[in-house]
Each structure stands twice: as structure tokens, then as C-alpha cells.
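The chains carry the letters A, B, C and D, assigned in the order they are written, with residues numbered from 1 in each.
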């Protein structure tokens, strides 16, 4: 029970279902004195909002956030920030036929096995709308991180079999590339092929998986709390907690398992001029060693499975124990990754900020 | 701070460094009435013990566990179980030259950045010996799971580029295969090639990465606590918290990101005769949907990077900010995976048991 | 940071300030299948609502609760229940003069020392309105407890120097007495004297302290998790977390410190006919021994200090470091206890339910 | 389950029973760089050690602590500190007759109700020896607090009906008074009467309750995390978690409930010369307002019940459901308070340090 809270000092609690009155988040432990308005959060929510192009669900909602508490005269007060996003465009009748069957690839059976019944409308709590609260909270975390010189950015690095070619874009200019990309892919060539691939998927009533890459710059060394709250361990929890993620890699990930030590070890060079940043000749480790940041760029990859809601005929299990033919109606993204990128970014930001806050009493000299 | 505790109801706290007086674990929340003796734990510790063959470090320790509390007349009492494994074979002088340098691929720099200094002997807290406490605790969790009909087993599925061929072994007989394998690979053919590959690595003063696969049978549906304490999210944290892990997959993992929904969705069939187990025609999901078990076998893969301690000359960063030539002495495994398999198994067992215990008040009817 | 969450399996997170847009609570971990509607919660909120008689603040708000999530077709789904109570009757201008001074007996200085500034309107987060979220959550916990045969009831046992005489009322009929009492005192004689005492306090621009007694019937033995999450320890946290509480007693409390063992030990008698309940010839322990329930009635007493907001002239500390004459305007209760009784009741219910849920895997036989 | 861990950033986990192999504690999150040796801890343990005079149990143990991890070259490393105190003088046969009965005033019935059986030797986990781990951890916390200018001191302020007269001693010189007092009472007159009272109790085979007062000087304002982790709430949990505590007061405690606001409000005066400390003309609040420290001395009182183990004949409940005559053998303190004072002191120190560490990211300006 009680799995909807994440974090130790910067702690978020999300709530809400697809077809309830709304979704939201309570952000507890936000440092006081941050200038914060609804627009700061809205621009993150807009990045995950549906209905923006033909590759996202046609469910069309403004997803306008309201700040209900924790901000006074434009600044955070240190007390809990309650964020509310009302639901608007609910077509609950689309889901009546799902009441008594468990769809392939969905949480339906799990919820019934656990709780005895479920809110079957639009996936209920397992809907992608659950991530609204995460994004709202992550927008706050990201704003604080930026003030600390830390930038978190996520993009779609592959769609089905189509992969971005890192030589075709400079990560330093990611924001610019992504502002022009409906699929959040920085390589325009790959995006063109991905669109063609998705068009074919849509035509066939099918869907596609994809990979989101998240990079963090400006992170100092020594952040992360061994041995269970290591930076990679909590990032692992944070990213795997996003619906549809089936794999997470730090740095080279599974490729490291095929490498030799002499290839995989990142040799140190000297410190940067400012004496803070450590130069390494490579970054196979993805910025994390021994569960702590090592001063390099942090690199995370998240594998998203194809949207399980497809139009093709499928077999579902009924509550009656029998197999039923299933035809899924409703509105669904053929690909989760483009809208999930901001969710990965936000969960990463929340994890980093919490660990940065936890690190502030690591040394006796910090206290006295 | 304070990252050495894991779990909510079945909760472990580990302690200990490579060259301190010992390592250990406090297991809090173990259900009362379990028959438990030191031998139950010792047989798990023996599986991670070094010095067993030429592919593991020559550090030779008995690693004998002592139960200091929580067991009375051969049964657990429900109170904390304190487990102690004294350190024995410490060659601390091997490490004097590492005091002022940060080795590539190691946590050295992170610890100094965080705490200002570190216990540099044998990696200190970031040594593989830290996992002793996890394995001791996991042995207890696994014993309880077995009584619930749940079996957790891990094996080495690849060594560097050498992969096991699943058609060459039946997972149902894993224990038998592994009892004959020094590398914990169930495919004897692959193991022969892996040994040749490792021999070459050792000859060159190099090391190799590898992949551990962990499978869980007998798990009922509905276990896991959305949205942050999902089964896959906590497994992600648990497995990523093991030193050297750079990637984690559930089921098809990154391959799912390349698939289409029609391929990746596991179609339901009917329930088993006992009415409990759900038949699916495939298991791309690896037994987890929506963050909860779906009644199928749970499949986890963990990518271990190559041991960073290699004999080849390397460049290290000095505390003085300059680059130093590094020659690593001491005793090191050329490959972590075979000894890490039992650690993955144990962290999985601990995670499952904790979530099973948490699930016991999910329905009102469970309480009244 | 992050102190607004309480509980392990049944976990509440409250938010909201006196003069923000509202207050509320997220209840995570509520068992599924509980029939729940807004009226279930409203009747508890009505007990703490202001404006009911001349002994409470004249701030007049309906305090209508909305259930935003976690309930489907009239039943809890096991997912987070978000509860919202909008603020209505805000006279923020009453508080402008408090911006730069720290009132005696208030949290003003603490908030400024901690966060650098504060929402000074109506006490901000330290307002009594913060308890709305607790009461809303407690109403749910209490409804579940009732289904388990457990009843939690709180009343005002003293007002200033006026104490109820336990021989004048039967606790078995508390609800009936309290329904007739504006001060929530079951002894009508004492209440009459208390009203006279309060009238005098009001006339003099002063306020009064009081004691709330809370009793729990129907609790089975063995609930509570030694050594830090003992039943009395978590009740201690829960009750001390209510604003204005300066003392907490279990059973005889401080009187036990003056007693001898032969007086204070409750001698056991036989079990009740149902074999469940333990008869004791006395209940000095207040139903808790060794941090666990002992099967007897649980008895808690909470000392509330006098409302610090009084009309009499006082000295406040200014942000400028100087002493200022203070005249408090605004609307304030001369006595907290009558409205706080339901808060004590609710925090007790939340604590008990959480520990009851945690106890469900105490024995191996519970799991297998 | 799992109640033996306390704290968020400075986090302790205790283990051990009266007649097991030992007791101990893991201290996780201790800041790095603190000079620490076993003698630092031993001097605190010596204050709770039995066998020191005729008012304590005759069980005679050296209670020598061993530091097993987390300290390197005389300084804490930031990693978990494992502390072990072996048990020595165990007369387990004294307890054979308690196997099947539940003693009045003890946790026996609770443990059996919870776990189905218990380690009945010397109270098992509910023994006073459980506090050894708390004291060992508290010694570390207190050493850090002292470096921050914060001093925590506890003493016995009453024994049964005999109360210390505050006008007879200056709290500023407490340490000196207590060094001369076997009962840890600073008022020599009261101590003489208390000794006479205890002699009479012993003669009659009876025991006595007592009160411990704990004062904290040097605490800055703003520490404590509303609304559930308020300073008084966590102190309440910490102190109530000590065996035998039946009441806790902050400042005036229950006397505040009888007072009027005009009496109970502490009027502010000006700041001290250093501009840090706030002068108040009184300290009825005991240094805590709104759940945060207010810059004044913190004052806590804990009521300890009489030792339940008395020699007088009593009635116990048998596992067979029948009432049995009980004669308690074994070795018991007639009064807990003198040895418990250091436990109150240590739990207070742990709570304060943890909250001080948590407070270090309260403001945005602390982070950037």
C-alpha cells in the first residue's frame, strides 16, 4: 500500500485517474523563496499535452494547472505546494466494454487481482494522465536545478527501428532542435523516417516502441547515497516507475557488459580551469560511478514499449476466466515516447534535486 | 545521507567496509516463526565467496556468518535479526598507493567529493564485500518466498560477447546446471567459450563485463504498489544499487522499444487448472504490467560493466589535480557476474517479499 | 524538509494555509472496497467547523469537502484519495499588521527563522485550518476501524481549572452526551462551570487551555511496532503534531511516575468469554504495554495550551529586532479544545489503522 | 513490521535482546570527519550501566562497545557506523518460569499476541538492554551537537512523590551536581528523601516511578518540520518509544492546559547582543512554538512508570487463559529513571541532530 509518494526531502505525492475529477500532486519540501507561478509549470505540462499532432491521442484537454497552496506573493513558502489539473474531456462511455476484460499489455488484471475491482475508464490510475502530477512537480525541481547550473533535457533517440544518428546534431543545441520536432527527435533525417514508420503503424492499427535519452549537465561530483539510494538506483526507480518503461541504461548500459575494462574505464584527465569539473577522455559510465555523480554529464536511456492499446483484434481475458475477442476503441497515442520525454526529464530532475538536498549535511564541516 | 536502508515492512540495513572489522546487516520486519539457522544463510554466502576458482579474486575468506539476535530456539521472533560476517584476510598495505588518486571506473572521486576523504583500502564501502549483508538478508527472504511457492534464480547469461543460447538449457533445471558451472552459466557450450575469453582477458591484464538474468516463478498477480513503488520500479532500484550494474531490463527490455504493439502485447489465454495462474501465449512483458506482477514468470536482466580494476597501465586523477600513471595491485575478479548472480537473486527476493507483505491490506475485506 | 506526510501503509499528506485557495489531504493506501461518499467525511469536518457558538471563532465557512480521486462507483479503489476543502471566508486585511512582528505564543518567529519569510495571513500553514486535511483523512480511517469493531472517541475532559468528574457520565454513552454539549464535555455540571469560566475569559480578552481525552475500544492486543514505532510512540508523534498540544499521557501518565509498582501494575484476570479480550482489574497502563496494545481500552490525554491570540495588549518581537506593542485583531477561539477533540480522534484513528495494517505480516503463517 | 529504525538523514537502527549474543545499533548518515573513538561512546554507556549502586539491578556487565565500521583513521567516513555491545552476564535460567505466563505491566502478552511466541528471557527485545543501541548512537549525536554549541542534559526531577526543588540548584551547573548523585538528582536534599523512599520500596518488594527532565541549550530557532515532523512531535515519538514512559510534556505541559493565554504566552524581549538568541521573559512554551524551536531553552519532561518487576506476589495471565500466582525472580531496578535519564538525553540528541540536518535546505539560497 501507499506507493504514490517519492523522495525524502523534496517529496512528491501524486493522485488522480484518467476519468476522475482531475489529477494532481503535492510537492512537499520545496525550498522557500523560489519565484513560482502557474506559467512556470504550464510550459512543462504543455509538452506532455495530448492532441498536438497526428501522432498523439485526439483526447484534447487544456490541462491547466492551478497552484492551491505553498506560494505567497509569488514565492514558495517552504510549505506543501498543492497542484491541481482538472480533467475535462472525458468520454467514459468509450470504456464500458472494458469493464469485465483484461486487455493485453495493460495493468487491468493486476488491479483486479490486487484490489478486487478497478476504475476501468481510460486505464484509471494506470493512465498516462497519472504523469501530469509528476510533470508539474518536475517543472518546479527543474527550475531550482537551473538556478544551480544544472540542466536536464530529454529527447526521443529512437522510434521503433529508426535511430537518431548522434553525429547529426549537437546536444548543446538540443532545445532548438526539439522546438522544431513533433516527435522530439533532434535528428531531422531520422525524424522523417520515424514519421513514415509511424504512419505505417497507424495505417495498420498498430503502435510502436521508442527510446528516450536524458542528459544532465552541470552536476557536481559526489551526489547519491550509497548503498541503496545511489544516484543510479534512485534514477532506476524513478524512470522505471513511468508507465511503459521496460529498460533503463546509465551510460553505455548493456553495451558495457560486452566490453572489456580497458575499453570501458573512463580515463581521468585534469580538472577544468574552474577546478570543479573533472575532464574524462570518455564517458562510458554516463556520469555515475559507485552510485554517485562523477562530475561528467549524466546519461540515461529509457526503453518504452509500444502503446498496448492497438486497433488490431486481440485476445483478452475475461473476469469470467474465458478468452474474449477484444476491439479497443478510445483515443490512444501510437507512440508514447515523444510525450514521455518530458516525464523522464521531470522524474530525473526530482531525483537529482532530492539527492542534492540530502547531500547537504555529508560533512561535519557543513554543520558547524 | 542515510542511504543504507532498503524496504518498508521487510527492511534491511547494511554496513561494513572491505578492510574494517567486518560487514553485516540488520534485517528488521522478518515475520516470526521461521526456522532459521546460520547454515541457511551460509549456503548463500558461499555462492558469493571469493577464491573459488581462477576467475575470482584470490582474497580467501571463509565469510562465516553469525546470527546475533532475532532468533530464539531456532525460530525468528519478529524482532531485528543482526547478521555479522567478520573480515579476515585483509592486505591493507596493497592499497597505500591509492590514497591520493582516483582510479578510473571507481567510486574514489565521488567519495572524496562527498565526504572530503575516504577509507581507500580495498574500495572501502564501495567494495564488493558490501554485498555480503545483502546476500545474508536475501537468504532469509528467499527462504520465506520458497514457503510461499516462489522461487528466485539468477544465472550468468552472457560474458563479454559470449551469450548463452536459451535453446541449450531448460530453465526448469537451472539449479542442476549451475551446480556444475564455475561461471554460473547454464549453457555448457557458452561457458567453454566464456572461459577461453576470460583466460585471454586475464592474460592481457584486462577484465570483462557480463549479464545476469534473474527469473522468478510462482508469483501471483497484483504485487507492486503504483505509482512509485511499482514492482519494476523497486526492482530497478534494488538491482541498480548493486555495484557495477549499468543497465536493467524487464522482459524484452530495450528490444520492446523496437517492436510493434501487435508483437509486444502478450495475448491472454485461459487461467490454469488451479484458477490462479494466468496463461499467456508469450511473456514479452517479463511478468510485470502496470507496475504489478501479472502472474507470469518475472524476468530481469542486469548488465554488469567490466571490473574496473585491471592490471593494464591507466591514468588516474590525483587529489593534487594532476594526472598520475596508475598500476593497480591487489586481488580482483576479472568478471563480476558469476559472484554477482546471487546478489541479484537476493535483492530480487528482498524486494518481492517486502511488496508481498505490503500487499496484505490492499482490500477492506483483508482487514475485517 | 518534507514533514507533511504521516504513516507507512495508510499514509496521509496534508497541504494548505489559512488564506490560500484551500486545504486538503491525499490519503494513500486506503484499502479498496470501502463505501465512501463526501457526507462520510463532511460529518467529521462539521465537528471542527468554526462559527458554531460563541466559544469559537466567528470565521464562518461551510468547509465542504470534495473527493477528487480514488473513489469509483461509490467505493474506494485503493488508489490515492485526494480531498479538497476550498477556503471561503478570508479577511486577509485583518493580518497586515502582523507582517513584520512575531506574536507571543505563535510560530511566526520559527517560520521566519526557517524560511526567511512567511505567509502571515491567519497563521498561514500554522493555522488551525491545517487540521482540516487531518480530519478528512481521519474520517476515512475511523470508518474502516468501525468495521473492525474499533471505536475512537474524544472529548474535552477539562477547561482551564474546570475538570469533568468521571463519575458523572458513562463513557459507553459518550456520543449521546457530546451531541448535547457545545464544549464537547460529557459532564453537564462541569460544562456549566466551564462556560462561566470561558465567559469570564472572553470578557477579559483572554483565553483558556484545556484537556482532550481520547478513548479507543475494541482494539486487539499486539498492535504497535517496537522499538521506535511503538503504539504509544506513534500516538505521541500524532498527537503532539496537533497545534497547541504541550503534553500527552497514556493511561495514568504523570500520575504513574508518583505511584509504586504494586499500585500501577494492572493485574490480569481471565480472558473474556469470546477468548479474545483480556480482563484486567484496572487500566493504569491505558491499554498499552511495551509499545503494543494489550487488549484493554486505550486512553490518551492531550493538554492544549490556551489560544495564544488574545485581545489583551502584548509585546511582540519585530523583524527589526525591537519590541513592539501588539494588538491582535482577527477572529479566534478562546479555547481550542472543543474543536480539537475531533482532530485528536482523527489522528488517533489514522495511527491505529496504519499500525493495524502493518501488523498483518507479523507471523510467517500469515504469509503462507 | 520493521519498527526499529528512527530518523531521516541521521538514522539509527537498533537490534538485540536481553539474553541474545549482544545488542547494537547501526548509525547511518553520520556526517564525515568527526573524530570518534570507542571511549566517546563508552562514557555514555557507563551512565546507563547497571550494578553501580543498590538502586540498580545487580546484573553486572561491562557493556563494552566495539565500533565495527564507518570510522577510518579515527574519523567518521560518512558510511554506516556499526556498534556492537556483547551480552555477558546472562542468567537465563532465572526466567524459565515466565515462559507461559504474561506478567502484569510487561510486554509479554503483546509479543505473544503479535508473534505467537516470544523470547521470554529477561524481557527479550522489551528489556531495558534494548536502549544500549540508542545510547551508543546518541553519544555520537551529542558529540556533533556540542560542536554546534548545543548541549543536551537530562536529570531525575522526581522519584515517586519526592520532587526536586528548582530553587535548590542552578541548571547551568547540572553536570557537577549529577556527578555526585547516584540517583541523578541535582537537589541533594530531595535526593536524600528519595533514597529513603526507595529504601522503603525495596524493603517492601516494591518499586517506584519517577520523572526525567531534559533541557537543551544553544538551539537556534526554526528547527522542526511542520506539520507531522514538528520538533515536539518527533521528540514525542522519540521519548515515548523509551520503555516505561507514560507521559511527555514540553515546557509547562499539562499545567498549560489550566492556564490562561495571558499567563502562558511568553512575551518577547529584544534579541541578544549576538543578534541570534531571542530573549523571552518566560519560557512556558519550553522552547517550541508551532512545532519549531523558538531559540529558547528546550524543556522536556518524561514520566516513567514504576518498574513492573516487583517481588510482591501478583496475578499473571497464563497462555492457558487462566490466572496464575506470580513470583518474579531475576534482577531488577526498583526505579528506572536514573539510568533512563541518559536514554532520554540520547533520544533527544538524535532527534535534534536529524532535524538540524533536514533543515539545511529550507531556503533556496542555501542551495544556490
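Points to keep in mind about this one:
One rule holds for everything that comes next: a contact is a pair of C-beta atoms (placed from the backbone, for glycine too) under 8 Å apart; a residue touches a chain by one contact, two chains touch by 3 or more.
Please read these numbers as outputs of a predicted model, since none were measured by experiment.
Greatest centre-to-centre distance from chain A is found for D, with centres as Cα means. Interface comparison, A-C versus A-B: the higher count of C-beta contacts falls to A-B.
In whole angstrom, the spacing between the mean C-alpha positions of chain B and chain C is 45. Work out the mean CA point of chain A and of chain C, and you get 38 Å between them. Work out the mean CA point of chain A and of chain B, and you get 26 Å between them.
Shared interface positions of chain B, i.e. residues touching 2 or more other chains, are given as 1-5, 8-9, 14, 29, 31-33, 78-79, 111, 114-116, 125, 226, 357-358, 361-363, 365. Listing the residues of chain C that touch chain D in their complex gives 1-6, 14, 102, 104-116, 125-126, 130, 158, 160-161, 201, 204, 206-211, 220-230, 232-241, 243, 245-254, 256-271, 275, 278, 284-286, 289-295, 301, 303-310, 312, 314-317, 321-323, 358-359, 361-363, 365.
Residues 8-9, 29, 31-34, 76, 78-79, 144, 147-148, 226, 356-358, 360-368 of chain D are the ones that touch chain A when the two sit in their complex. Put simply, chain B touches chain D in their complex at residues 1-5, 7-11, 13-17, 20-24, 26, 28-29, 31-33, 66-70, 72, 75, 77-82, 84, 111, 114-119, 124-125, 357.
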